[in-house]
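Labels run A, B, C and D following the written order; every chain starts at residue 1.
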Amino acid sequence: MKNETRANLIKQGAIWAFILVELAFFSIAGEFLSVTETAFMDFDNMLLLLKQSAPIGIIALGMTIIMINGNIDLSVGATFALAAIVLLDSMTWPFMQTLGNWAIPLAWLFALATGVVLGAISGLIVWKTGVDAFIVTLGSMLGYRGLVFMYNGEQPTSHLNWTLVDFAEAQFLGLHTATWFLLGAAILLWLLMTRTVHGRNAYAIGNNRDAAVNAGIRVGPHFLWNFMLIGFLAALSAVVFYSESGSVNPNDGMLYELWAITAVVLGGTKLSGGYGSIISTLGGVIAIQLLRKGLGHIGADTETVNLVIGLILIAVLFLDRQLNRKGKEELRT
Amino acid sequence: AFGEAHSSYTIGITQNNVGVDSYQTTYEQAFIAAAEENDAVEVVVLDAGGDVARQIAQMEDLIQQEVDAIIIWPTNGEAVIPAVRKASQADIPVIVTNSNIAEQGFDFVASFSGPDNITQGARSAEIMCDRFKAQGIEGEAQIVQISGQPGYTTAIERAKGFEDRLPEVCPDVTLVETQPGDWNREKSQQVMEAFLVKYDDIDGVYAGDDNMGVGALNAAKAAGRAGDITFVGATNFAVGYEAMAAGEYWGSIYQSPVDDAEAALQTAIDVLDGKDVPFLNYFDTPKITQDNMDEFTKPVF
Amino acid sequence: MQGFLARQGILVAFAVFMIAFAVANPRFIDIDNVFGVIRSSAILGVMALGVTFVVIGGNLDLSVGSMMSFSTIVVLDLHDKIGPTLAIPSMFAMTLALGAFIGILVGYLKLNSLIVTLGMLSAIHGLTLTYSGGKNMDIADKSGTWFSVFGQGSVAGLPMPILIFAGLAIVLSIILSRTPFGRKVYAVGGNGVAATFSGIPRARVVFMTYLMSSFCVATAGLIQASRSLGSQNTVGQGMELEVLAAVILGGASLLGGSGTIFKTVIGVLILGFIQNGLLLLGLAFYAQYIVTWIIIILAVWLDIAAKRGGLWSRIA
Amino acid sequence: MTDQTPALRLEGIVKTFPGVRALDGVSLTVMPGEVHALMGENGAGKSTLMKVLGGILAPNEGQIFIEEQPTVMSSPMNAKAKGVVFIHQELSLADELTVAENIFLGELPKKSFGRVDWQRLYDETDAILKTLNVGFAARTRVGDLSIANQQMVEIARALTVEPRAVIFDEPTASLTDAEKVVLFEVIADLQSRGVGVIYISHRMEEIFKITDRISVLRDGQYRGTLNTAETNEEEVTQLMIGRTLDLSRNESTHELGEVALEVRGLSCGGLFEDVSFSVRRGEVVGFYGLVGAGRTEIAETLFGLREPSAGTIHLAGEEVSIHSPADAIKRGISLVPEDRKGQGLILGMNCRDNMTLPQVSDLTAGPFVSDGAEVAIFDQYRDKLDIRTPGWRQLVGNLSGGNQQKIVIGKWLSMRPEVLIVDEPTRGIDVGSKSEIHNLIRELAAQGYAVIVISSEMPEVLHVSDRIVAMFSGRVMREFTAEEVTEDSLIQAISGLTGKTA
């Protein structure tokens, strides 16, 4: 029993250890390579790190649940963009303009509703047709992106509202608005996954779908809820991010799905489902953002950044495997 | 030229998407080279990879690192405005390069340095129109347009400049269809193949850059129809220049990433030195056609 | 007959589709257009053939797009440096080395293929940028080289890219369906543990599928390079998902163990003709996204509905 | 009994699959407080019938009555709500979750906001585990349990509600004797509470020990019901397969050849230690022990699936090192693994391809696989093992459990090995086929093969073996010859009661 807990700690601790290594490396390397005087481990810089992790982070939290469930969602990037468009565009609608600042919460609501609806579409298709979520959402990824372009052609959709920007840029107790959303979502989802029946069922379904079906868990509606949840979170991420930036390109959010999945896997969640943790995903997100930030800090150029990020990803996967090996007597299959 | 007083400036740059095409790559190299030649500046060179969130994060990082000035090549001319405002609130002058940000942000920007994409589009329209007039088909010519990657300011502005100017100079030329070629030669070749099937009469092709223009040219050559078509691009690439020399490609807009990069850096230094710089610091992007191409050196990219 | 409809749903969909477009615009079935579409699908198609092996073997390959950029850039660069005769084999060797690297990671080290190839997507892009210095790569003397034969040549009126695509499809189809190796690929993808218990060297089979995938990528890069005799660094960017869409459209299960080369070819053609057909109809480019979405889901849905004998999923 | 209302009644159930009429108008009545055996050959339709009853499959025709009320079982949840609990033939558990969560899967106790009521969950689970007298706790991760204990978790699920009827589909297939005793106690308790129990098994001795009545299916048709007390094995067998079987102990002996396989001091991590034994040509050596004794791991090591930490393996007197199954196969070793779905078969592949998989590289004409040679092999072993399938194109996943097992056996027999290792070869196999497989094993030995049989069924080990190796917790306790072995001494040896190794 003791051993198991330790094994579990090693499993889940790997990502945090990796973060520490990154911090140490970039702090030291930064001393030699960085042209600026400020230290990498500066407190404000770490606060920024959390803030900058938010856009992909919030999506990755949702992806964790979807993946624990044994599914995957490739459409989140497009959902993110479409929710952003609704957020910004709705504020220009005539009736909204008469509402003054009350338009803001309403616009958020519209955007979040968009995310939930898009999630529901994917979820419903997965449930009713039985087509694998990877395929359904690969399709949705194209389809939703098509909707994004349909909305406003190739033009960016913009509406800069300074009240909104000030809210998004605010810092409360030192943490940025985006950070609060990221941490808040993480805590709520952590509670959802560890404390509630819905969360435990999610693990059961991802772990052994037939068993869950046999045990009478309503797998279909369960999927639907989770896809609505990730749609909501993708939209929430868009709300948080675009409240600050005020303009969305139709290409925005491309590849976010892949980065979110990467963060989730780095956090140790199994791609096959049934195992994973929200908190470790947070670690995965921070590890990636740290890597980007750090490489920028030490002045790595574009090609190096691409090369290093790709190889680090593989290296972490490799390390994780080595840590979780049972030893020589393991079955060689 | 610089005294001890301002021994060293640290200038940060966040670029749009290096490596996506050779223009941006050459820009980056020219920028670094220019910085290295100048002992008085050190540069932090970042690339947003086309992602606006990453670019905003990089702006924040540069502000946090307390650089002396920031040059930004916006991924989205509006989305970066709040980040630019943050920099200006931190008393860091911001210079926008290559493609401008939206007017709302002008208050927070020290200067813009770059080409005028609207004018470029307009000039391409003029090149096309002049050619048709020379051929005597300005009364009935039909053209197609292959635009850049949907959503990018440069693509949008060039298309707008072209579409607005064309009816002014050649009111009877019809633009029958526009499809994006994503700045991609192969994609644009496919688009052109479909155009060729669809339309029996194509007299001109306007492409958002020469890379795509050459893709369209390749498609027309394969279909044996290249001789009947006037190809006009923008941002003259080496391939476009060669095709012009071979007499297959009519014209383009000469725009040097080296000029672009050096102008941006110089503008930043001038701002830091407290010099008076114009707000819109366009560098010239002249027309280049088969007729006048000897006046230009072949682009290095 | 109903059984046939069900089993070959994808073919039926394809036929319906072609007829609808042909009615809307007769030029759609113009022989030049048909050849044109197949020719421009050939590059995607050749890549999809290789990825079919990987997917049947139970893995994914998201690196093919950036690997294709790599091959294209390398062969173009080497063309002027060491001449086409040496450039082609050198490029194949380098691309196969990348494939072997992925094969070792996924096959022998058993790392998750989605993440490995995602990492390689990024890493190979970095490699290509380093190799090319970020510049476009162009052959200096475009009219004086026989290198253009792979992309622009034709034999008996048939364009070379089509011939290469067709030839490779036939050879690979035979390998997959008729040889022991092909059987092993299905076995490894169907149940890797049981395959190991049957004495099948799972790691080597997986390794080989990636090698085949990279071979196809190298071939695609060759056609690409030869077709335009110059290229950007990003020529293959984003193609990985298109390739995957084609393979899935053809009915290969992402869980591995099922799919055929023939169906992949159909998948490739459907994507190519959708793109072309919508373009001919003058629909905005985004219509293509939406139609592809619908077609992918419908095709896969009908495919599995036929297998389970009912339209609606049985999961409650 | 007759004046009671039946707990459960099925009438005229028909269920077809594409190309198969799995159930053809089956009727069945289960009284409260009775243990009702359901018997039949592999593929007779037992599991299918129970799936219909458990709400997993919808019947094409027919009706289900619970206490004479017509009912429709729309889903497993629905069936459970109506008091019908189904313990599956195949383990149906979520490995990553705890024992408690698995037992209450689909009906975790709730507090406000959908929170799990952990306190109640663990309390109730502890109570259930106590009645089952098992050695694991509510918070243990199910994946960390042995297969037998996982089966016990599955059984525990029957005890979470007050059921009217409980279906056990081959619950003892992976239990050892100790757990069986507990299971039978559970069943007796259910029975005393007036619950109707349906019990599916291929093991006659169990059937006669615990059931009241026996219903027999054959080829999807109902064949009749017998009172257990008034019948015997022969009659049941006759009803099931249409003929009688000679179940006497196999006395046929033949000359033994040289030593084919010898193992000296073999160890592998903590799985087993210092194991030595030898098998001669023409000999069948049985390995008997409790679950977890390490027999499977020895087999896997011999087959190149595990790296031994010490010791040597000799084949025909020559020391060899085996690094992979391919190696083992090349040297003439075959292994019929214990987990047919996970290790033995590729469920999405057809019967023929599964059977010829290990030798597909050799069945070639030129560079291509030779269809003819493959079909010939398949036909030969289909006939030999009496495999019920519409044809070689049928996907293995659609066969009944027993027929799947036969495909695995056929696959390895067709390799004509020097040393054949079979791990639980008849798990889930009907009596008819079982005796065929036993005969086959003897026959192979007579032809000069060396055979190792790993089994948790004592009658099986006693029946087929020339020599028996008794194992306890990774060590060889004793070796018996067929002449000297008795049930008592064997049980003593595998319980670790005999202090010294042989």
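In this text, a contact is a pair of C-beta atoms (placed from the backbone, for glycine too) under 8 Å apart; a residue touches a chain by one contact, two chains touch by 3 or more.
Keep in mind that what you see is a predicted model, and the values were worked out from it rather than measured.
J.: Hopping along touching chains only, can you work out the least number of steps from chain C to chain D?
T.: 1
J.: Counting only C-alpha atoms to place each centre, which chain is farthest from chain B?
T.: The chain farthest from chain B, judged by C-alpha centres, is D.
J.: Between B-C and A-B, name the chain pair that shares the greater number of C-beta pairs in contact.
T.: A-B
J.: Just curious, how far off is chain B from chain A if you go by their C-alpha centres, in Å?
T.: Centre-to-centre distance between chain A and chain B: 33 Å.
J.: Distance-wise, how many Å sit between the C-alpha centres of chain B and chain D, to the nearest whole number?
T.: Averaging C-alpha atoms per chain gives centres 71 Å apart.
J.: When the centre of a chain is set as the mean of its C-alpha atoms, what distance in Å lies between chain A and chain D?
T.: Result: the chain centres lie 44 Å from each other.
J.: Which positions in chain A touch two or more other chains at once?
T.: 149, 153, 213, 218, 302-303, 305-306, 332-333
J.: Please output the residue numbers of chain B that touch at least 2 other chains, ranges allowed.
T.: 18-19, 28, 150, 180
J.: Residue numbers in chain C touching 2 or more other chains?
T.: Where chain C meets two or more other chains at a single residue, that happens at 125, 129, 134, 193, 196-197, 285, 316.
J.: Please list, in label order, each pair of chains that touches.
T.: The complete list of chain pairs in contact reads A-B, A-C, A-D, B-C, C-D.
J.: Write out the stretch or stretches of chain B touching chain A in their complex.
T.: Per the touch definition, chain B meets chain A at residues 10, 18-19, 28, 42-47, 49-54, 56-58, 60-61, 64-67, 75-83, 85-86, 102, 104, 147, 149-153, 155-156, 180.
J.: Contact residues on chain C for chain D in the complex?
T.: Touch residues, chain C against chain D: 174, 178-180, 183-184, 186-187, 190-191, 193-201, 257-258, 309, 316.
J.: What residues of chain A sit close enough to touch chain D in their complex?
T.: Contact set of chain A toward chain D: 4, 195-198, 200-201, 203-204, 207-208, 210-218, 274-275, 327-333.
J.: Would you tell me which residues of chain B are touching chain C in their complex?
T.: 18-22, 24-26, 28-29, 150, 177, 179-180, 183-186, 189-191, 193-195, 197-198, 211, 214-215, 218, 222-223, 237-239, 242, 301
J.: Under the stated contact criterion, what part of chain C meets chain B in this complex?
T.: Listed in rising order, the residues of chain C that touch chain B are 25, 27, 30, 32-33, 36, 40, 43, 125, 129, 133-136, 138, 142, 152, 224, 227-228, 230-235, 237, 275-276, 279-280, 282, 285.
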